[in-house]
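Look for chain A in each of the two complexes below; its partner is chain B in the first and chain C in the second.
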Partner chain A sequence: MPSIDDVTNTPDELTDDDAEALLEEADLVQDMTGEVCPYPQVEAKKGLQELEAGELLVQETDHVPCTENVPRAVGDDAEAQVWRSGDATYRIYLRKRA
Partner chain B sequence: MIEEVSTETVRERLERGDEFDLIDIREDEDYADGHLPEADHVTIEELEETVVDRDWADEVVVYCYRGNSSIQAARLITEYGDAERVVSMAGGYQDWEPLEAVAAD
Partner chain C sequence: MVATLLVAAVVGLALGAFLQKGRFCFVNAFRDFFAYKDSRVTKGVLAATFLTMIFWGIAYQFGYYQGFWTPNWGLTGLVGGFIFGVGMTYAGGCASGTLYRAGEGYLQFWLTLLFMGVGYAGFTVAFPTLERTYFEPLTVGEGASLFTVTSVPAGLVGLAVALAGLLVYATLTGRASTATDFGERADVAQLTPAAFLAPVAGLRGFARGTNAYFRGLVRAWRHPIAASKQPWDPRTAALGITAAAVLWFTQVSIVGVTGPEARWTGYLLSQVGVDAGSFEYWGSILFQGQGVGVTVDMVMIAFVIVGAFLAALWSGDFALRVPKRRRLPNAVVGGLMMGAGSRLAPGCNIGNIYSGIAELSIHSFIAAVGIVAGVYVMTHWIYREVGCAI
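Right, the complex of A and B next:
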């Protein structure tokens, strides 16, 4: 069956191991499950403002378009990676840039 | 690359009675609170299930809250549907409502 996943352009994808390891070192985790654009974008920008350069924000979501739209919204403020669980949940990893 | 159209363009087309499918992909309660005239309510999940079988108009306009997710939805219709031209409404329903208030004065 067609999936929105097929047409969503996400940044680099993490392996399961890397995703778990990075989650452990996250400086801020935001649970955006059930939320739809644009709320996660707003929260990501606010979250990044609280962090220092090099620190890591992780957003958990079940809304596929966010895996493209949140990284696009924060733009050059952070380096983005995405992890797909395989059962319709995702994480967006945002490493704040200097 | 999905083309984006302004709320004014969509309004003009509605007022002219142009023939196109207008798709609202927002959540149920938000659609119930208010939506564009003649808009079909099709969430992304429903779109995934119906996009192949639906008989699409030649032209389709998709909108969401702010014009973000509607771009992915428009890609989905372009990829799997039989429409000729699929566009996303820039600014989404948020940009539409103020216009409604102005028009009502």
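Right, the complex of A and C next:
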């Protein structure tokens, strides 16, 4: 009986190069700097509703907990990756699943 | 006095650092559980509360304590707790979360703190009226800690309640996991034995999870510098917060946040010429007739901000963050509701959910229900367009 923690781990971290390259192909970019929980979670769910399967949503944020809370909030709806700049800004990459 | 101040500094720094590293936020713990059944922080909050309960019980039993905080109980806990719960969900951070995020450089949460101060001041002005029209009619009984009213040794009481809590937790999680296992086949006959097995399955899951957690902790110790910069499991924060709270309990009191903040408000206003001591609430209740000055718990919560600042700086999470203009109402209205609600209850999420349940205070059980109900209602409002899981 796997526990929920075994199947939903913290999202993969992206390297700087991958993060830049992926940002280029984003279908929707949400600027969430200056926002705090739970609004990025809500916006991510709304954003994914607008996208087709396979399309990419990127959130730019400076709110630390978002890097974990946003991937959790969208759950199985999207595959999540995170990029940490190292100076308190972060990007969350959500690719919508079929 | 110097020794007590040193304890205040150590406890404050430790609390701030552990809150920041564990992102230990009570709004997160309940809101995200309701919204999408994310229970990571919820587990941390439960672990901290029950561990603290056990150790405070033992400390009390052997006489290593200074005092409990047990306000009279009644409907005030529900009303004030509900207002506080709605306020903290709207503000996006609880009393402790606001403090540690202030240390992380969020201007939004400094604004929240400011408006919590306005809430404390407004409450203080209205207190004589509120005492007659609100507190007197809604108060039912005298406050007490269950540790003090039974003849059973407090250490055992704490352990028994914590074990009962674990059993309830195991039953709930066990039922959820067995239900999904059998749910696929949708066979009612098979669900019945599963219901009996739920506590067992839950306890097994708990043991596995705890085991995995400690293995992860040991792995993290192999690269202490790198691991210290990563976000920590909320359960790690729970262990650290428990240690700090036990030290605080043996030396000073239970851990509170909004009480000391309300004292800070009175003190700061007295520094700019307001005769804070002449207000009944500040003069005779918060400062207990000792005069308006800096008390040791005020020093402690100031160090919480410093501890969170240092931890954030170390982890690369510190930055001056300017809020979006459309988020300002959250800080203003949320802060006011937290300030007023925490006085009307009285107590905040730390005083009533963490410390209050850990010290088994009757009032805090009621106030905790009020706070969680407030979070529930507000979460459903914020998620109205996308829906909640619970």
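By our rule, the second predicted complex is superposed on the first by the 88 of 98 C-alpha atoms of A that agree within 3 Å, B and C clash if a C-alpha of one lies under 4 Å from a C-alpha of the other, contacts with A are read in each partner's own complex, and residues count from 1 in each chain.
Definition applied: a residue touches a chain if its C-beta (ideal position, glycine included) is under 8 Å from a C-beta of that chain, and two chains touch if they have at least 3 such contacts.
Treat the numbers as computed from the prediction; the structure is a model and nothing was measured.
Once the two structures are superposed, chain B and chain C can be ranked by residues of chain A touched, with C on top.
When both complexes are overlaid on chain A, the residue A:P65 reaches chain B and chain C alike. In the superposition on chain A, A:G86 makes contact with chain C only, not with chain B. Once chain A of one complex is fitted onto chain A of the other, the partner contacts of A:R97 are absent, as it touches neither chain B nor chain C.
By the touch criterion defined above, A:V36 lies against chain B and chain C together after alignment on the C-alpha atoms of chain A. In the superposition on chain A, contact of A:G75 is made with chain C only, not with chain B. When the two complexes are laid over each other on chain A, chain A has residues 1, 3-4, 36-38, 41, 63-65, 68-69, 73 in contact with both chain B and chain C.
If you check the complex, the residues on chain A that touch chain B are 1-4, 6-8, 36-38, 41, 63-65, 68-69, 73.
Residues 1, 3-5, 33-39, 41-42, 45-46, 49, 62-65, 67-69, 72-73, 75, 84, 86-89 of chain A are the ones touching chain C in the complex.
Listed in rising order, the residues of chain B touching chain A in the complex are 26-27, 44, 47-49, 51-52, 64-66, 68-69, 71-73, 75-76, 78-80. Taken in their complex, chain C has these residues touching chain A: 23, 25, 27-28, 31-32, 35-36, 38-40, 92-93, 101, 104-106, 108, 177-178, 181, 201, 204-205, 208-209, 212, 231, 316-319, 321-324, 327, 330, 379, 382-383, 385-386.
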